[in-house]
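Chain naming follows the written order as A, B and C, and within any one chain the residues start at number 1.
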Amino acid sequence: MIGKKIHNFAQTLWGFNRSITGEGVRQTLEAIKELIPELEIRSIPSGKQVFDWQIPKEWKVREAYIICPEGKKICDFSKNNLHLVGYSQPFKGSISLDKLNEHLHSLPEKPDAIPYVTSYYGDSWGFCIEESKRRVLKEGIYSVVIDTELFDGFLNYGELILEGERKEEIFLSTYICHPSMANNELSGPTVTTFLAKWISSRARKYSYRIIFIPETIGSIAYLSQNLENLKKRVFSGFNVSCVGDNRAYSFLPSRNGNTISDKVAKHVLRNFDERYIEYTWLDRGSDERQYCSPGVDLPIASIMRSKFGTYEEYHTSLDNLIDVVTPEGLDGGYWALRRAIEVLEKDCRYMVNTLCEPMLGKRNLMSNISKLGTNVKTKQILDFITFCDGENSILDIANIIDVPFWELSESIDVLEEMKLIQKVEIENN
Amino acid sequence: MIGKKIHNFAQTLWGFNRSITGEGVRQTLEAIKELIPELEIRSIPSGKQVFDWQIPKEWKVREAYIICPEGKKICDFSKNNLHLVGYSQPFKGSISLDKLNEHLHSLPEKPDAIPYVTSYYGDSWGFCIEESKRRVLKEGIYSVVIDTELFDGFLNYGELILEGERKEEIFLSTYICHPSMANNELSGPTVTTFLAKWISSRARKYSYRIIFIPETIGSIAYLSQNLENLKKRVFSGFNVSCVGDNRAYSFLPSRNGNTISDKVAKHVLRNFDERYIEYTWLDRGSDERQYCSPGVDLPIASIMRSKFGTYEEYHTSLDNLIDVVTPEGLDGGYWALRRAIEVLEKDCRYMVNTLCEPMLGKRNLMSNISKLGTNVKTKQILDFITFCDGENSILDIANIIDVPFWELSESIDVLEEMKLIQKVEIENN
Amino acid sequence: MIGKKIHNFAQTLWGFNRSITGEGVRQTLEAIKELIPELEIRSIPSGKQVFDWQIPKEWKVREAYIICPEGKKICDFSKNNLHLVGYSQPFKGSISLDKLNEHLHSLPEKPDAIPYVTSYYGDSWGFCIEESKRRVLKEGIYSVVIDTELFDGFLNYGELILEGERKEEIFLSTYICHPSMANNELSGPTVTTFLAKWISSRARKYSYRIIFIPETIGSIAYLSQNLENLKKRVFSGFNVSCVGDNRAYSFLPSRNGNTISDKVAKHVLRNFDERYIEYTWLDRGSDERQYCSPGVDLPIASIMRSKFGTYEEYHTSLDNLIDVVTPEGLDGGYWALRRAIEVLEKDCRYMVNTLCEPMLGKRNLMSNISKLGTNVKTKQILDFITFCDGENSILDIANIIDVPFWELSESIDVLEEMKLIQKVEIENN
């Protein structure tokens, strides 16, 4: 089960201090590059304008913690990088509990969770702490140490281009800015890494563009530098996020919901789990917000397990690799995306080569004795052929006859070999 | 509450003997003109051919009543103009109860109601009486006095043209032919009068054509004289009827149900009362029958409270200003129509001015600290912006994100001022 | 009731040994020709290639039976032609029960039914027997006599062309290859015979092409010889099968489900029985498989009673003229198809001749006294007229106002006579 390998890889990446910039991002990208050496690690300097945004300063953390009046060290960044609010300014000083409380974040309704808080574009600092630990803090003077630095550096991301027979691209995007959390988001970059390994190992009809970026600012920056090429080439793609738990399959459409990516995603998910959840564009929240924005309009949909924002461990330390993300969960996420890519690679239109039904009997495709009850496979073949009118694609027919695309493949190969059907050129875009 | 003022005005108009022609119509129009002096009162002579119809003779009633054998006066027109069948021929004579009964109309299932009956195009006379009173009439000779006159006169109606920045018109039509009844129909002309007052008092993008006519013959006559102009200019409009009670909101579509008027009406009503009733074209019954007839095809829909024909007091003396039509009911009818007009006036398409999402943080449109839970207003703004692709109108977006059009207005003004979005010219028709 | 006559005719045809070729087919066609003398009986020689298929040899049966060890004759073809597997090779010999069992077909779950089995394109022989009788067969030697012959002969079918005012054709196809079974399939050819009698006896707008063929190979052969003409002329048609029982009405669409035949069939069936069953193209199984195949694409739908494959007596000796097919059942099948043909003949578009509603009162089409409650017929007339815009056909309007097409006819004649509406030329195909 490939999910086990992906889970192991996620454990390797667990402790790096990922954010939208910094050393943790580079460590993560280097680890991914070990598995897919074709990955290019790129950088954009702080201050660069990207559409309505600006690349922020790079953030470095040396250490961060609080010393209680009784001398105990709490909120130690070296124990869990979620303790420090992302992009905290440096601060050193002794302050009262009242004053300290203005900088603490906790979740009363989840007393054992450290929340995930960031302040990328503010000028502040803060710590995140379990509500249960916060409640027992005593009056007194607390020593705060935040040894961070914000400086003109770089935003880093990874880009992998895999050429195929055709220039049209399938685009995968995932993000590497979330610190120690599992479903949202070590599942995305780890599953994408193993998808990339598989794609790079096989012959491809289409070209692939796979990026590992910080969320929001990363996709905006990438779009600002590659928009023309993306609009010209990308005919389908997926934002890969929240693909690691075992509790649900979910779909989030592109803005208008009518792209080939939407169609493929829904076909795959319906055939993986007919109770899969269909969200709407109003439930968006990841980089699809940029990819499908007006004027950008890339055909990007999302195939997920439990969607961001919908599960109780979301954006807390409880979103871990033990209780939430499992090898089985990652396996399902991997295969759903892989099936989607396989469908995109193989889909085309066929035209039947004879008028009227072909005679299957003389080709040993059905019993010559006709009695009550029909052979299921024969029915499937005849159902497939009856819709091979040069207009319906395999995917259309798979939807009409309600069979997974990948179950039709074997029959199609036989029919093509027997020259009962022939391909009609399909144009994407 | 404007409903209170409208209710008062309806009381003023209550006693006039409205019919499709005559003094009561002119009295009603004069009273409306006092509130909207721009109103022109027009007349068409009896006998004029209007499409398949002819303007009828003018009808005048001096007095009408019955004297019972025991000397009691009943069915006295001066007490309630519903007692006399509309367009009754003159008659004076003494007749038996049997003979009289052939001319009496009552409702066995509503013993205390005087029904509303007309005979515009017949040569007959009759009285309408409460079933409870009819039951106790004794055998004997009844003296009948109907001092009416049918003569070559005029059909009168009121027309108000309010020019706007653009020549395209919004058309309102209501009818002034129903005698002393409230929802059907003093609500229509009184609500329309107050809408006209409001429209004439403000700057307008569109021009307005507002008419107060007798039902059926009035709309046919008006169409026969103005068809070319109406077809060229009217891009939306409403037939205003039954807008005074407090029990329901109702919608009746145009013939094909696909005009801007239908779309606006449904948006307004869904946001006023999600249980509003959607009728179909088969339930039509007022002047929309003419406005949407084949070859006329004006974009006219109906926004109503309880629709004609659907409530038990309909077309009887029970449809009054106490139990049926209330200030609150009129207020709701007024505001539903006013909102519809506001939507028509303000609707347009916007295009977002940046590629990818704009950065709201630097504009103080959202908190710079991102944590669990999103600001509702921020979500609404981002939802609005994501659909500002130059194709969706505000109304489209309001429908997609399920927010009343008028709740979006404030945000749109802010976004336009910040130059985050800009108008795209929208063409009506 | 015409169903009684059809039932009698079915009894006449009952015993002929119908198959895809042979004497029983010719006997059946001759009997039909007695009722519709214009029928042409045609033949295609064995061995002829028809698309992907070949006309098979002709099959003749002289006698066939089995003698049990105790001397009893069973499975006697002369008692019931279902006993012999269709197209059995000749065989004469004595064999053990074990060996015999390899050639016997029975239905364990229907112990008293002789199943219907064919082996048109194999080289085998077999008998069909009631499971109850098979169970008591004793060990021993069985004498098998199958005196059949397969030789180069002909495939026969009947063709009836009835010219109408226009060259566009309505196409009816039914099959005459099933031996002694009733719903599937003596109902099809007998109902079609009586439809043909009725069609030939009346004036016709359209031309008709009606064929009586063996299933599958017959329709393929007919298409291979007439494809160009069929594609040019046939604008609607029905495959007539399973129209004889009394238990349901059923609809099976054309491949894409969007032809005039589909629309008419659904209108008729909804108005015959609102609980009629709508199957999909995936449930197909008769000659519609050929008529709607890619590249053939004729507009053929199916109106049925209980569909083939869905009732328990299907393809067994239990499908008889007593328990399954009844005069009432055949009557319903006949009238559903006849109504469909009447709709096709009469459907056209009308345009109302006046702008606005016509005045019905002056034409005595409604009472001149308007009171509570509307005359149902007047409402139907006004509903019809309001949709007479030159775009909607009568069928469209009948669907919108939910009235059977044939109930509108009388009103339409009156309206046309009064010159209130006029025909707009409608072009089929």
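Just so it is clear, contacts are C-beta pairs under 8 Å (C-beta built on N, C-alpha and C of every residue); 3 or more make two chains touch, one makes a residue touch a chain.
As the structure is a computational prediction, the values presented were derived from the model and not from experiment.
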For chain A placed onto chain B, the superposition rotation in degrees, Cα atoms, nearest 5: 120
Proportion of interface numbers common to chain B and chain C (over half same, under half different): different
Whole-Å gap separating chain B and chain C, where each centre is the average of the chain's CA atoms: 55
Touching two or more other chains - residues of chain A: none
Touch list for chain B against partner chain A, complex: 351-352, 354-359, 361-362, 368-372, 382-383, 386-390, 400-401
Complex interface listing, chain A residues touching chain B: 51-53, 105, 107, 115, 117-122, 124, 216, 219-220, 223-224, 227, 255, 281-282, 284, 289-290, 292-297, 314-315
